[in-house]
Amino acid sequence: MTSPADSAGLGSPAGRYRMLRLIRGFEELALDLVRSGAITGGIHPYIGQEAVAVGVCAALRPQDRITSTHRGHGHVLAKGAAPDRLLAELLGRTSGLNQGRGGSMHAADFSLGILGANGIVGAGGPIAVGAAWSARQAGEDRVAVAFFGDGALNQGVLLESFNLAAMWQLPVLFVCENNGYATTLPAATAVAGSATGRAAAFGIPAAEVDGMDTEAVRSAATEAVTRARGGGGPGFLECRTYRFEGHHTMERLMKLHYRTAEEIADWREHDPLPRAAALLPDGLAAKLDASVREQLAAAEQFALGSEHPDPERALDHLYADGLRPRAGSTA
Amino acid sequence: MTSPADSAGLGSPAGRYRMLRLIRGFEELALDLVRSGAITGGIHPYIGQEAVAVGVCAALRPQDRITSTHRGHGHVLAKGAAPDRLLAELLGRTSGLNQGRGGSMHAADFSLGILGANGIVGAGGPIAVGAAWSARQAGEDRVAVAFFGDGALNQGVLLESFNLAAMWQLPVLFVCENNGYATTLPAATAVAGSATGRAAAFGIPAAEVDGMDTEAVRSAATEAVTRARGGGGPGFLECRTYRFEGHHTMERLMKLHYRTAEEIADWREHDPLPRAAALLPDGLAAKLDASVREQLAAAEQFALGSEHPDPERALDHLYADGLRPRAGSTA
Amino acid sequence: MRLSYTKALNRALTDALAEDPAVCVFGEDIGAGMAGPTLNLLDRFGPGRIVDTPLSEQAFTSMAIGAALTGRRPVIEFQIPSLLFLVFEQLVNQAHKFSLMTGGQTGVPLTCLVPGSGSRDGWAGQHSDHPYSLFAHAGMKTVVPATPTDAYGLLRSAIADPDPVIVFAPAAALPVRETVTWELAPIPLGCARIHREGTDVTVVAVGHLVHDALAVAEELAPEISVEVFDPRTLHPFDWPALAASLERTGRLVVIDDSNRSCGIGAEVLATAAEEMRLVAPPRRITRPDGTVLPFAPQLDRALQPHRDQLRRALRAVMK
Amino acid sequence: MRLSYTKALNRALTDALAEDPAVCVFGEDIGAGMAGPTLNLLDRFGPGRIVDTPLSEQAFTSMAIGAALTGRRPVIEFQIPSLLFLVFEQLVNQAHKFSLMTGGQTGVPLTCLVPGSGSRDGWAGQHSDHPYSLFAHAGMKTVVPATPTDAYGLLRSAIADPDPVIVFAPAAALPVRETVTWELAPIPLGCARIHREGTDVTVVAVGHLVHDALAVAEELAPEISVEVFDPRTLHPFDWPALAASLERTGRLVVIDDSNRSCGIGAEVLATAAEEMRLVAPPRRITRPDGTVLPFAPQLDRALQPHRDQLRRALRAVMK
């Protein structure tokens, strides 16, 4: 098992590029494993949106906390989770981050401040607000970040949490990854007004940023995080981005026509990876690519070689106090 | 049983004054009946806020619809419900609007487009949006109005419904009665940003109006209702107002210190009744007062003389198809 | 005609929409027909009646209630069973209560459809609940069809009903296909179906588990004569039919994919123990108390009711 | 010392806050102590720990979960039982599931307190539910204390518990007072209490109905020897204690203020029928199926379990 990188690894352009590549490579590998049937249930691939996770997490300290979404692999990796253990989680192995109990949509690593991906759109927002409140209560200068999509902008609980964060000036950064769609629904037909306007109406400083540009995201996030850490209250970032793949791997089996091939091709022109690679000295990107390939090959080997959980232990951890619930049959 | 007035009765200053007085008198009578124990459970008195209900309903046609709140008597009366049947409802009699099944917090008269008071803060908002959608579907030019308090501005479901109304340009008017408090919580410590700014962020035209001035409310409501009826989409009114009584009649039994005596006295200076009376020819207000007194005396007699429901029929109407559920005991 | 379960739901929606202009559908990605039951509805009936909604379950559920209060017959499709938790207030505290609280001034003809309830392998804890017992407790009319024909007929009746009805289409039943040689037609709510007669034991099986019960009944036929009883509607439950079945068999096993405590399994055992003929202690097979389905497929499956438990329970009640 | 139920809750909160700086309270109008249990807490512990919240139940419940995930022990006071419907997703789909889904990385030490659950005369349909069975089904630890001492002790244990716990304080139990001559202390969750021993029938009574059961037991003492069994915690339920009681009596009546179908009454009958000694068919007294309490006091009362039903049921099981 490799030791987890921490978010400090994102301090240099090279570190950030490497993380972009790691996420991209991880997702490609996961797609293969979904296709082969090794990963049950499929995933929501993050490919195309890597600059958001990397740019934001580059603005964080290891003790800061995040909440993530159904499309969470990028956030979890960028915050420092071990790719091999994340992959093992996707494969449902005991060496997984969650011992195979959570899978893609619930990957978490509390030791790194990763309070979990979440299967319910918008749910992570107020949880991050709670973490921010906690930090202030404990007298710690930890910041919390909530990642969510454009779809979540229409979830009441998220809007409620904007109000609480603003009212109480909590150290939380709301990061909206606007990839233009909630599954098949275009944001333009779903979000009245603007994302930033919505946050601003609660008195939250809100900025829009090119979500395909890691450095732009990082600088906007750094500004907001610095303000929040200093007691200046919450911030909101709308990162304009795009997912290159379908909403979920299931989509590959369906004929859906909600996006045109041209639109996808256009956005691929803005791929965050070449953009980040261009900032590096000649040849470095290729070297980093190679090291990521190795890391992922090792991760795959680790994960595929890990144990499947024992069905007898299916109810482990249902209660934190160890309470054993009654079985489903007495016969 | 008197015949219900319809909202057209609010077409003249005299009609509006009379309705203000009717609501005020009704609430005073209800307070007496709570004190005497005749009304079980107490009420949320509307005294002080009458100009909002009357001003808004004066902008409506009989076929328009409203949803109301826990503090709903004013809305229900202004939309034309018979005071005697509303009072009978508060007393739990079979002649009540809801046959004694609803009480103060659920008073409704579907024949007049009154889709009900509601015990859950914010719940009426999206129901009105649904009624507006329905009307458009049916090709009718009916408008729907949702009344709610400042407290409801923090309910996610209401914020969600702003988005749907705006996105789909539905004929609905959101009326926020900002009386400064949600029970004991001052709006200033609960609502980040402004009420109108919050609605405006969804692209809803939003105006603030003096909620103690019936004519100002009426003119702002008329503008919004006319626009909505003509296909111009939703509107939002923030009516600044005040309740002269406690949050609920229970409050009389408690020592709560969330408002000062001076504050209450200051707001009483803005009582909507004298203001509306001043617009009338000399002596008319006194005449209308007398006619309201008579009407309420008759209502009281009617209501107190009405039958109590039969406990054997406690489950009547549980299902609209007449399904009789199993009893709570077979012995 | 070969009819799949999903296609049956699709047909029911199509026929209801065609028959009654008041019927309309709300939900996420229903324009694309993503979950199946709404396929092609948008093309045929247009965006005025097939409404692709933003991710605002609470508001659009309440909106549908408002529409139902004013003459429409809305159907809502929910993508995941746990979205029902998100709109629990709207369903249980609003839709269910309007009729009584208004003294019968209105019904709320709202239908909620959950295609893919229960576990779908690999969707993990927040997407795999089977919360029908919660709604039976609250008193909403609750329907869990096991077959395509029943799915069609019960969904039609749900839409026509003046009260709110919730229809669970278990993920494990979606692959079921039937050769249908008869005319599809509405099936009344509240009527059980006996899929197989027997004289020794009555097995009450809910939803997809009807098929497991039938398989086990066949398998054990030489040994035990099993009656397979599908309630189809959990509330109102067809108690007279159950009493009649127990008159014949006197023995009862329930197989139910909801959590054990206070599940429909408990209700069936309780009512039978209280009011019906039982010659041996009854048994139920359920998910464990308070189950959260773990992600790993082996763990997920280990917590769902399975055939082996049913075999053991049948033998136990025969002892 | 004369201790009221509400004061006992107030003491439990005060003692927990004083003992552990991680404990904090969220809720509406708790600064003013409006419902009773939070009286004077703001003065003593300050706004940093006693947090008067805007009317955003979903967000502040999730916030409390976030706080619980990061070292705090939040208590939320809900003003009305139906607010639990509004936060059903947050409680059942988030708080309850974190421990298993994270593979044991975290607990969620969150306590939800509902002072005034069930009917309060005249509050009508949306304010009068008693939804504890829903949470027992979902698997949240669910507590319904009947007496001031138990209210104190169980609330203390709930706050100290590493899992989410929901504590219902029935409106009809709030007027109960006790003369307390002992030291108040935590009472472990999951342990039933036998208020009165008997040899003929075990009456399982939930919450305020314990007092009705005791009164009826006294009254019928010359005729029937009634054991009054208060589960105190509905999930986890103290099954061994019930089995032991039924070993003695062999007869069972449950009196439970939740809806009939899939209520805790059903669970007790089912488990007893399945696994315990019963010499006569058991009985339960509940609210009717799918109850919505009408406003008029006579109608409201007619749908709640009452003593006369209990008398009849006791005589019926003795036949």
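Points to keep in mind about this one:
We call the chains A, B, C and D, going by the order they appear; numbering starts again at 1 in every chain.
Assume contacts are C-beta pairs under 8 Å (C-beta built on N, C-alpha and C of every residue); 3 or more make two chains touch, one makes a residue touch a chain.
Keep in mind the model is a prediction, meaning the values are calculated, not measured.
The chain with its Cα centroid farthest from the Cα centroid of chain D is A.
Chain C has its Cα centroid 35 Å from the Cα centroid of chain A. Each chain gets a centre from the mean of its Cα atoms; for chain A and chain D, those two points are 39 Å apart. The multi-chain contact residues of chain C, meaning those touching 2 or more other chains, are 54, 56, 58-59, 82, 86, 89, 93, 100-101, 124-126, 139, 236, 261, 274-275, 283-284, 289-292, 294-295.
Across the assembly, chain B contributes 98, 100-102, 106, 118, 120, 154-157, 160, 163, 167, 189-191, 315, 318-319, 325-326, 330 as residues in contact with two or more other chains.
Taken as a contact graph, with one node per protein chain and an edge wherever two chains touch, the assembly is complete, since every chain touches every other chain.
Across the interface of their complex, chain D is touched by residues 39-42, 89, 92-93, 98, 100-106, 118-122, 151-152, 154-156, 182-185, 189-191, 254, 256-258, 308-309, 311-315, 318-319, 325-331 of chain B. Residues 154-160, 162-163, 166-167, 189-193, 197-198, 200-204 of chain A are the ones that touch chain B when the two sit in their complex. Listing the residues of chain D that touch chain B in their complex gives 28-29, 31-32, 34, 52, 54-56, 58-59, 80, 82, 86, 120-127, 260-261, 283-292, 294-305, 309, 312-313, 315-316. Note for the complex: chain D touches chain C at residues 82, 85-86, 88-89, 92-93, 96-97, 100-101, 124-126, 129, 133-134, 136-140, 235-237, 258-259, 261-267, 269-275, 278, 281-284, 289-292, 294-295.
Residues of chain B that touch chain C in their complex: 65, 67, 96-102, 106, 108-111, 115-116, 118, 120, 123, 125-135, 137-138, 144, 156-157, 160-161, 163-164, 167, 315-321, 323, 325-326, 330.
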